[in-house]
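Please see the structure below; I have some questions.
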Amino acid sequence: MTEAVLIEYDQADPEAKAVFDEIAAVRGIDPRQVNNFWKAMARHPAQMRRMWSNMRAVMTPGALDMRTKEMIYLAVSVTNACDYCVASHGAQARKWGMTEEMFGELMAVVGLANETNRLAAGYRVPVDAAFKVP
Amino acid sequence: MTEAVLIEYDQADPEAKAVFDEIAAVRGIDPRQVNNFWKAMARHPAQMRRMWSNMRAVMTPGALDMRTKEMIYLAVSVTNACDYCVASHGAQARKWGMTEEMFGELMAVVGLANETNRLAAGYRVPVDAAFKVP
Amino acid sequence: MTEAVLIEYDQADPEAKAVFDEIAAVRGIDPRQVNNFWKAMARHPAQMRRMWSNMRAVMTPGALDMRTKEMIYLAVSVTNACDYCVASHGAQARKWGMTEEMFGELMAVVGLANETNRLAAGYRVPVDAAFKVP
Amino acid sequence: MTEAVLIEYDQADPEAKAVFDEIAAVRGIDPRQVNNFWKAMARHPAQMRRMWSNMRAVMTPGALDMRTKEMIYLAVSVTNACDYCVASHGAQARKWGMTEEMFGELMAVVGLANETNRLAAGYRVPVDAAFKVP
Amino acid sequence: MTEAVLIEYDQADPEAKAVFDEIAAVRGIDPRQVNNFWKAMARHPAQMRRMWSNMRAVMTPGALDMRTKEMIYLAVSVTNACDYCVASHGAQARKWGMTEEMFGELMAVVGLANETNRLAAGYRVPVDAAFKVP
Amino acid sequence: MTEAVLIEYDQADPEAKAVFDEIAAVRGIDPRQVNNFWKAMARHPAQMRRMWSNMRAVMTPGALDMRTKEMIYLAVSVTNACDYCVASHGAQARKWGMTEEMFGELMAVVGLANETNRLAAGYRVPVDAAFKVP
């Protein structure tokens, strides 16, 4: 057996099936159309439930709107080079209104930040007193 | 000599001094108050000029506002654990309107994304056809 | 020529062949069945020998048993999103007794650690005196 | 204000105070002795509550014992170079029985895994069919 | 639409076409043979222009020759496990004279550095006074 | 006890002392002046011996000269933001002839590579057939 097993809805155990149903309900899709990430998580129903609860708690409109949250999620996924997450959250960000132009600007910021993060490390730049805790 | 040398404005060569002056003018501060990152970059004036030009080109209002851009910059810096950048761009994001509540939500998204990025890798989740290029 | 050349046992030079033979003997398999990682390393026989010696020295039962060592190896590989290593060390960990339930708990710990590692960086949490060196 | 603010128990709001009390109860310590990570999280009580719930759900004995879980947590923290987490989970792992010898072996595995993860990437090693999903 | 769209030269807008032409002229190839990275960047012509200007400014002979610069680029790409960049800059490094033996030594250094970087983090080694800024 | 214990030469056990002596002999210094990395490794003499043997095997002139090898080591350390390694290998690289100008160019390449590595991931750029294995 390998790391790559996916559990389809019809083969899922009741606990996992319940989570598939909640995801499907929230997204207004058929539970069999839920994306692969959750089919993989279904291998461990309790974890799947816990991760879904966290996703629901965090990825909800608050002080930040959904588009901004998905763009931040995408920026982290690009930085970690997580191809699955770049594809899935890129799609989510667009669903919430990220335009092609916004995506281009997001990529420019992510690229520049990854560059200057290393410049700060390589030049061993000390944090300015102005930024430090009083 | 070590990686940690900082060049103060008054010791900078003309090319670096000109960049310090531009940064100061844009921020409405004295060139001697420019932050340490640039004092380190001043060791290599041509690079300092190039990085400042890139910073100016990217960190400007466009399809995304400055607050969103600084929050994306901060999200990347937190993911890379760049303490200098977390401190400096955290300050910038606040200057552009990031509230304590927004920061809390940003951290929640960054934390969750870093978690699920690894779950996708560990479960070796294949990208859904729906996300793939036609 | 590209980075992806693999040297098959029958084409390997004597020094690399000797390492293939040792790996095969240790694993009780035919030297032609040794996995791709070593076929790639065979491009540089001296490095292949050195890496195999390190692997033998580290991945042997000691204060930690093989299952625990392979699970730690897997946890690092998941964190670095090394798909090859997740696949190969996932298989090794299972060979040494990692059950599906243990894998689920390992993934939960790896995911949570990657999340809190970033929270510590983003909140710039200072190390408690209790954790510091006396 | 900066990223580094810590909220002491006596200044915490009721929701955060309740989490401090739970942590203290579980660890058998005074709530004022809870470590800095939680004092930082107390800035955002709802997140603090959610993270503590996740920590409780994951860091509990199951198919894996606490020592093994804390060693996996430590391996991830070392790989991400999270100094705070290396210090705190190193202390936790020792509390759960990790000896100096076990720590040495853990470090050897973490170091070797980080090395071979990059060798697999640099040689662009394809995953063996034997490791692939049937 | 997904993240993976590539813009071919004949479909590119004038601004992007001009960059394709410059890249082709510098490399002495047909603009239709420019590699995929630039076809992706062509989605955002202004960014494509900016990135090409940076590439030209940095990847030019100076105090370091092109072979050394491409090997450093490759070392970073291997460390970040960027498969595209390992393939493209591996090819570039070879074009500039990196032999198979040099590649083997580069990989040995990259592997060892990734290992000792984590040992330094895990043992929490303080920087020697001799290395510190006076 | 914490992760940060350093073993001084006079307190080291015979096996570790022998390694300190070899390092000192190679560098032409007093064994009490060996840098902190090795004082930390001395906690686990067998690992210290193994790491020193690897360091000796890899960091020796071959197809690549010492300056180039130390610059590659530095590039990796900057990318991983290992402050200890940036300080120690930056000093080593200078000892082997890296000038301030070379360091500036190295940092420019490292910064640009870290930027484009993420652009390749974010745009999900497929590897060109020209770069693929035949």
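A, B, C, D, E and F are the chain letters, set down in written order, and residue numbers restart from 1 in every chain.
Going forward, contacts are C-beta pairs under 8 Å (C-beta built on N, C-alpha and C of every residue); 3 or more make two chains touch, one makes a residue touch a chain.
Being a predicted model, the structure only gives us computed values, none of them experimental.
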Given subunit A and subunit D, the chains that contact each of them: B, C, E, F
Between subunit C and subunit E, what is the gap in Å from one C-alpha centre to the other? 27
So what's the Cα centroid distance for subunit B and subunit C, whole Å? 34
Among all residues of subunit E, which ones touch two or more of the remaining chains? 2-4, 43, 50-51, 54, 57, 79-83, 86-87, 90-91, 101, 104, 107-108, 110-112, 114-117, 119, 121-124, 131-132
If each chain is a dot and touching chains are joined, what shape do you get: line, ring, star, complete or other? complete
Could you please specify the touching residues of subunit D with respect to subunit B in the complex? 1-3, 43-44, 47, 50-51, 80-82
Residues of subunit C defined as touching subunit D within the complex: 2-4, 6, 35-37, 40-41, 43, 51, 54-55, 57-59, 62-64, 68-69, 71-73, 75-77, 79-80, 82-85, 87-91, 99, 101-102, 104-106, 108-110, 112-117, 119-128, 130-132
For a test of understanding, state which residues of subunit C touch subunit A in their complex under the given definition. 81, 86-87, 90-91, 94, 100-101, 104, 107-108, 111
Of subunit B, residues touching subunit C in the complex: 74, 78-79, 81, 83, 86-87, 107, 110-112, 114-119, 121-124
What part of subunit C is in contact with subunit F in the complex they form? 2, 4-5, 50, 54, 57, 131-133
